[in-house]
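First the structure, then my questions, so here it is.
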Amino acid sequence: MVIEELKLNIGPQHPSTHGVLRLVADLDGEYIKDIEAKIGYLHRGMEKLAESRNYQQYLPIVDRIDYLSGFFNAASFCYAVEALADIKVPKRAEYIRFITMELNRISSHLFWLGTFMLDLGATSPLFYTLREREVIVKLFEDLTGQRLMYNYYCFGGVKRDLPNGWLTRVREFCEDFPSKIDEYEKLITENPIFLERTKGVGVLSKEKALDFGITGPNLRASGVRFDVRKNLPYGIYREFNFDVPVLNDGDCYARYQIRLLEMRESIKLIQRAIARIPGGASEKLHIKRTNCGCNKPECPFCGEDTQIYLKKINPIGLRIPSNEVNIWVESSRGLSGCYVKSNGTNSADRVKWRTPSFSATQVLPELCKGGLYADVIAILGSLDIVLPEVDR
Amino acid sequence: MFLGGFGAFFAFAVFSVMFAVAALVVSFILAPKAPSENKKSTYECGMQPKGEGQINFSVKYYMFAILFIIFEIEALFLFPWAVIFKKLGLFALIEAFIFVFVLLLGLVYACQKDLLEWRR
Amino acid sequence: MIKALIAKLFSYFSLPHILVGFVWVVFKFAVIAAIMVVVVLMLVLMERRVLAVLTIRKGPNRVGPNGLLQTIADAIKLLFKEDIVPTGADRVLFTLAPVLFFAPVLVVYGLIPFAEGRAGIDSSCSLLLLLAVSSVGILGLVSAGWASNNKYSMLGSMRSVAQGISYELPLVIAALGVVLLSGSMSLNEIVLAQKNILDWYILPSGIGFFIFLTCTLAELNRCPFDLPEAESELVGGYNTEYSGMKFALFFLAEYALLFAYSAVIATLFFGGYTSPFGVYAMGFIPYLKKIVFVEQFFWLMLKTFVIVYLIMWIRATLPRLRADQLMSFSWKFLLPLSFLNLILLALLKYYLG
Amino acid sequence: MSFYEFLNNHGIDYSQEQEASGGVVLSIKKEDLLACCEILKTDRLFNYDMLLSVTGMDCRTHFEILYDLYSTRSHSRLSLKIKTDRVNPNVESLYSLYSSADWHERECFDLLGIEFVNHPNLERILLPKDWIGHPLRKDYNQEDERLCWNKR
């Protein structure tokens, strides 16, 4: 009698593929003999869209790349365009970016924690983490008017000043939040079933992680100390001294722990940033006009007819001299890179998004082979993949 | 009494089946019927299923099944012993212990032979 | 009382007296089916509300006063839903599976003594019958998974059969410990042997209770043993392809079994329908003396619902086990432990009484 | 030994550029790519052990491909840039050095139609297998009637 193999499609419409990922698995009983990841179900042509839109029009779209941490995409694109156009961002705006990005990191990790536990079969942590995430999302809503797609950063700064009392609320949240993390730890960290399900499962070795270009918490859980915030600082990160947690096991449990440590670290960063944020008039939040200083009428930046008012919708838009730039930002999932090649017109010649989830999805089959079917779900959850970011 | 004890048991079994069937019949009468090809297709995450869903069970399940039958029958032998345990005295106690011990030896043997492992 | 009434009616209408027993069984069945349906409607709502409270939500609170009619609305919805049989499915087995899963549950209800001498089926070996009948349900799950011709269902049914088999054993042996203590296989006599809180079998057989509860969770396919229907892995498990009333039967049977097993736990380890104080409040009041079974029913319900709550609490707390861990937990830990429990209880019984 | 001496020692032609944010971009010859990456990866001092992205660009006259490397030893980044023809664009695959090249190169192939020689599994990754054309090419015709959104 021939033992039949089961060829199973996991996804695209599956409760725990975090979007529309398709995994094609060869199962032998419960064991994974072979597995293949197929992506592209959420491909929206983000890079093609950049060709037909000018820079201001493209900016709101980039939030959609990683919808759980929209600020990072916007930040990397803004930093790229600012580097190309040589715009200096005011200090207060940089601090606001810093605080919102770190808050965004926490909210993204919180959502990850909830869904990861849901994948493992525990329903309650989702609701507890969403309770805290709701506080952050409410803060963002009061700041930007949006809960998910913020569109708050603009070239040269941020769109508007912080509302009254916003920083106080953030400070209160920061004081409150570590005790909430302790609460999750009480529920999860020592749980024997959780340990059984995660310890030694999906071990991503240091070499493999580097080979596959894994970044962010997943890489740091495998024992490599690489954090863009620390190693290639952007914005005002070089003014802050902070710890980059690193663990050596590289299994699902280490990936869980590293994210909890990162949340604690982010809280400290936010608290220090709030203590140091400079005050100032709200009109100083963004540069309204780029000025290269030559003041010649034919200059694309200083000439009378092409002055850029970044706050208003400008039909002409921002014209940027042809150059290229490659900005890396540490998003909540890892290294989020934005490559922009400008060509002197008001729209980019090529925009390329390098996203951490893309690499994480690539390594997924490697980690799953030989494991049990239930491990696939656990590993997929622990890698923190956001599918819109994979497909772009 | 008519239908006492086991009679009632069988009556209950028959009635329970009838109850379930009746629920299905009522729903069959009440429920709308609008079948379509898409609706009737087998769910596999939105993809066309490849191959049959009705595959052979892995042989490991049969191993568990055989072990199960052995232990379940042994447990059944112990039931009458447990009921009149008091009357049987020390001899039956020791005998039952030997019985259980042999059973556990079997379990240890199965464990040694890796019958209880899922991995090959 | 009612039986006498039926007999009177029969002789009044000069019907053959031999049918009285039959009508009596039908009546008992009707009462027990009614209890089951009401209990399930309550349980579904309770589960949703309890989980909601444990996860800081509100739960159903729109249909009827405070959401009380939610499950009735759900049941009506399922009754009027289209019943889809997927192409490639084995039609006969596909329809038979929910019946096969559901029918044993009602028999189990019949075997539980709800009050002194008041069980649907009086039998001197009701515990054995109960254990036998309750494992028939697994056949329903297996055939559901097989008949669906769906890979997820198939995986779910494979898991359910492996799990059902493995956890049946420690369950039976833990129950054997209770039989040993009470010297009877009749649930009614087991209950009567634990007339007050100090006689409860949880005291000598605490390990047995732990094993029995764990195995119950597995037999019920509930968290942390909900692998056959693990929605984050197998989408819906064995009932992926089911809709309408067939799905409702699975759903109903699952919750009915939750109550049944909890009632069995209450019966075996917590004195069943007896009052924990050894006396009944109603026993002191002259007119209510005759219907003391109402109080006994209340005590059973109270104990059962405490255990049901415990099971729901476990669901809200724990993540799910993995298939291989599940199997080795049963065979390598629970089974030896249950034998150890049996040996300890035998020694205890022999030396102490 | 400085980085550029190191490259010279290995006989690699390069021209150095600086992008707007200050990163180093080395333009090298297409033929040198594999050898260059190999010495960059295996050298103990520089040890560029991560390939983070492969960016293909259509420059109308030719294609450019940008490889982003990162060294977790020296914590420095480096971009390599190569050029290839528009007709029959091809370049040696880096799959033998970096596993991450697999998907990145497939994406580049999918969107620009650049062939990566010796790639184990060069097929479309983001777009369906029967897609027509390579969307990120500047001459890509979005009005093509064979494309699904143009079908009525």
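Each chain carries a letter (A, B, C and D) given by its place in the written order, and its residues are counted from 1.
Basically, a contact is a pair of C-beta atoms (placed from the backbone, for glycine too) under 8 Å apart; a residue touches a chain by one contact, two chains touch by 3 or more.
Computed from a predicted structure; not experimentally measured.
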{"item": "Winner on C-beta contact pairs when A-D is weighed against B-C", "value": "B-C"}
{"item": "Length of the line joining the C-alpha centres of chain A and chain D, rounded to whole Å", "value": "24"}
{"item": "Distance between the centres, which are taken as Cα means, of chain D and chain C, whole angstrom", "value": "63"}
{"item": "Cα-centroid distance, chain B relative to chain C, in whole angstrom", "value": "15"}
{"item": "Inter-chain centre distance, chain A versus chain C - centres from mean C-alpha coordinates, in Å", "value": "48"}
{"item": "Contacts with 2+ other chains: residues of chain C", "value": "151-152, 154, 158, 235, 323-324"}
{"item": "Multi-chain contact residues (two or more partners), chain B", "value": "44-45, 49, 52, 55, 58, 118-119"}
{"item": "Sequence positions of chain A contacting 2 or more other chains", "value": "6, 8, 14, 29-30, 372"}
{"item": "Contact pairs between chains, per stated definition", "value": "A-B, A-C, A-D, B-C"}
{"item": "Sites on chain B touched by chain A in the complex", "value": "44-47, 49-52, 55-56, 58-60, 118-119"}
{"item": "Residue numbers on chain A that touch chain C, as the complex places them", "value": "6, 8, 14-16, 27, 29-30, 117-124, 126-128, 131, 187, 191, 193-194, 196-197, 372-375, 377"}
{"item": "Chain B-touching residues of chain A, taken from the complex the two chains share", "value": "1, 3-14, 22, 28-31, 372"}
{"item": "Chain C residues touching chain A - in the complex, by the definition given at the top", "value": "51, 54-57, 151-152, 154-155, 158-159, 223-224, 226-227, 230-233, 235, 315-325"}
{"item": "Residue ranges of chain A in contact with chain D within the complex", "value": "39-40, 43, 45, 47-48, 79-80, 83-84, 86, 208, 210-213, 215, 224-226, 231-232, 323-328, 335, 337, 339, 341, 349-350, 352, 354, 358-359, 361-362, 391-392"}
